[in-house]
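Sharing a structure here in structure tokens format.
Order of writing sets the chain letters: A, B, C and D. Residues in each chain are counted from 1.
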């Protein structure tokens, strides 16, 4: 029996793990991409809990960076970056619920060199930016085009990296805000967590009717923190399996894999993102796994794992995780109502 | 001759200091208040550059906190806080322009005790919050109702403070985001700068057609940083004089008074807000007042003034200022086109 | 009657405001300057509470920057910067006491141009530094030599600033640490607070026998935040009046002037420095001025004043202050024992 | 052939991997432990490069917390925490060199329950502290005594954790500062990096003659960030192999294991610690492994690994690492002189 059958998604979801219809959200069907996630845009797809969606995602530059001599500063225009597919409406989703998104697969699209990595002026962790404002000159503007296949990322003549894709940006809509697709927050968004790859399940809080799911920004691989500001950005065909969990009220996104549970926080400074992630994880262990709050706090001080998603976006994202083997069974009560 | 006649607003504005029509934006005319500033809401008023608007602002709690035994946690619901009047459309305003808002007066409305100050659970600078997440208990929930007149704020039997009102929240719309009214950013918003009182002129960057001006959140007085999270919040009748400056491209709000020029930054951590403010001020002195960049940097290290607006909102706001007497005349070129 | 007679220094000090002997701490008597403040150095002077000391301070560069073509990167060597006079031993000072330092006067020494301001590579608020590490190039290295007299600081042909001197670095010794003179902390140190000028009284916590007073780093003027990293640094003759207050246990430095009381915090990020300053001020008002803790917190949200000392040193310094007129009389009990 | 023979320690060290004498630094020989790392203390041992030392470390509480009803606030007194063995003098070490410390083994000492974990009032990541000052009440004060053996940490009836020990505090002396043992900085110190376990090699910059090695603070296991403020603290017998690398000038500590190279930064806010770590790693790849600087920056954006040591100490510690398989051979030139 797969771990999936014991996952929160399968045990608490409306469709109970049954897979429904499969939809295709091609770039044609998507039409105009979105640069904000909010309640003000028109849905492109309506699905049922349990349905699958095959999404053709654009890359973070909407395909505008084609050659190594292309300059992001000339071809990109803020805030029209990081184009998102969606919004996808999930039937029955209401404020106070959770939408679960399992990533089944992420495959490369388009012709090689499909991957793009850029040093964009005044963007990245080791340069002055619009928020960490400085009088220093920008770093050089550099574009790398990278051969990507389903096994490898051919970084350079010297270095070949494994193909370990993930989705950089995944969210439902905030309740009333409409947030640009560069900024992660408690609705999800541009978290850039390498854990959000095939096999993972992300749990997102529903804040408006239908949830309004947005997805985009696939990365062929990414280091912790995405230090230069961009990953190996590429167009993908990403297949997701979407579920609805009723009456699960969470404040921040969460993530489950075969081996771990993770809570995700996004904030500045970076310690605040980490504080959010750990607080959420502790309260989760208390509420749904029967740990005393202080026992959980002290235990995570011995076995908690921290993943730095990015420290380059307008808010930084951090996941705090625990190995499932330390959890024991979920509380019976939380299967019904948490 | 008043300093106003030499202000940027008067010398560079479309209406050249001539006052136009006076509009009344009563609570009735406003109807529904707004909790986000963005391009997706319906205008309540269209005005010409040079027009005046008499605005009846609500208080930050929309009048729901009436007695000292009222509990914010029971009466307020996030994110429906800090109600804003607007949007007001300014004829001719386009992306790349600036809208200038001079505050003529801020007068108290409603019956005494008109002022409200609350300690709201998990809000304020000296408690764990949703962003600086902690496992500590919240501070006590306390409401103070305060007698406010046009001279004084009667804080307690022991302490009477001067009536020194300002507007806590003032903004145009972002280009595509719609930002909740609690969060300041480069569009303006909940900056809580005590300098934004009667006589001050705030310059805001236009990002969408008509500018879309929002205003609200009057404070009868406020300390630097708004440490407990709220000021003496009150309903006001605020009169503003609105101008349009064409082709003045600025990235962050700016402020002018009789004696100083100020640039305003909003970010976390607090040093980043301060960096933004000082960077903007230095580049302003270079571009429009003929200072060498490094001379301006080193000179402000000797005479710059910093005002902490708030360090309690989702982003913190800081103003960096220089006394006008050190500026000399504006460059002729920048009167025409900066 | 001067406000001084009602100051904490005069009402609670061992010498009760009586002035004792006057000592001269010339550069000759000082001999070797110190670059750390700690318990491991040899005293240069022993004084009684109430004594005055006339100190010849060096400038922050120990006089090595003589001409505008001098390069700090060639002439200065970390960590041998910001030379300090002292340690001065105060008779009777023990852990749990406070040493009060009133600055009587700060006069320029040496020949003009006496003042020095430098842009030092990778130092300052608007550049990458050793702590905010970046891959950007350093800003240009620039030295300014400035004519300073007792009235004015002749910044440039264009700008003349008032002579408003203060002491940048003032401290007692930590208990066991020896901290370099660039870093402020709860022992005092390189706070760079413009309020620490003639007329002010600084209260410092005693952590080791004799207190071990260090002083240096006079500034002819300085803007809030000392944004480029240096003020108008100069050699001074600074006269201080030193008192001892027994059994006053404080965690961070405090400051008194004719009109205000201030608590000072030093930390990163800047919000933490500000939190410390406000927390200390609130607890002070509660303990010694009879305010309810939450009343003080909410009141300072209406009338607190924040001064940014520096945001360029290894820790940033902030003062939070209240106008004395809001305080009323000190509690009788705290005059004896707080 | 072991990876060790190709390690930096073995290929560049004075002793060339030859093991010298073995010394015992028992608690008796240590005598008084140290609470600061600096140049002002008396050596307890003089060794040659290549020598081994078997160190009996105390726990972070110096053994004072014996029972679960013991209260840290009553038994511990700041700043006399985190006792350190040393200083150990390494013959020939001079400013501009590096001392390499390979941890051969960390074994538990003393009787069970040997492990101690405490929630100490106003210490930890999810509570107000002396630096993140708040008016909130402290969290409960809790002591856990834990059975630790060479295989397991018996956390609770419910959870058993693997024994994965590391050294929490390791440093040479700063040049002139003497820094308390709670604070990590560029000299090393209380970094709390779980990677610093048996098999690892830590490279520390020499700043004073002999290096002056301090070591202590063994942890039986620790989660990323050490969120509650303490790990499973225990007394250990730790065996180290010490080498000297001449003329290797590094600014911050570095770490090598069989599979990776890591640079370590310590600062606040947490993004600055991470910036330091990544900057150091990039410049290291450029200088000694022949990568172009921007290639290294962009490549680490795809494959860099970040480990959060602690975000509870006065400075936070972060390691940024790269898998050695991406490095290729070290530059011939850097074997001789970097």
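The rule we apply is simple: a contact is a pair of C-beta atoms (placed from the backbone, for glycine too) under 8 Å apart; a residue touches a chain by one contact, two chains touch by 3 or more.
Computed from a predicted model, the values in this text were never measured in an experiment.
Hopping across touching chains, the smallest step count from chain B to chain D is 1. One rotation lays the C-alpha atoms of chain B on chain C, and its angle is 180 degrees to the nearest 5.
Two chain pairs are in question, A-D and C-D; the one with more C-beta pairs in contact is A-D. Farthest from chain D, judged by the mean position of CA atoms in each chain, is B. Per-chain Cα centroids separate chain A from chain D by 33 Å. If you average the CA atoms of chain C and of chain D, the two centres end up 34 Å from each other.
Residue positions 126, 132-135, 139, 268-269, 275, 278-279, 282, 297 of chain C each touch two or more of the other chains. By the touch rule above, chain D contacts chain C in their complex via residues 35-36, 38, 40, 79-80, 130-135, 175-180, 251, 265, 267-269, 272, 275-276, 278-280, 282, 293, 297.
Of all the residues in chain D, the ones that touch chain B in their complex are 126-128, 132-139, 269.
Contact residues on chain D toward chain A in their complex (touch as defined above): 117, 119, 124-126, 139-140, 142, 144, 153, 155-156, 158-159, 161, 221-232, 268-271, 274-275, 278-279, 282, 294-295, 297-306, 308, 311, 316, 320, 326, 328.
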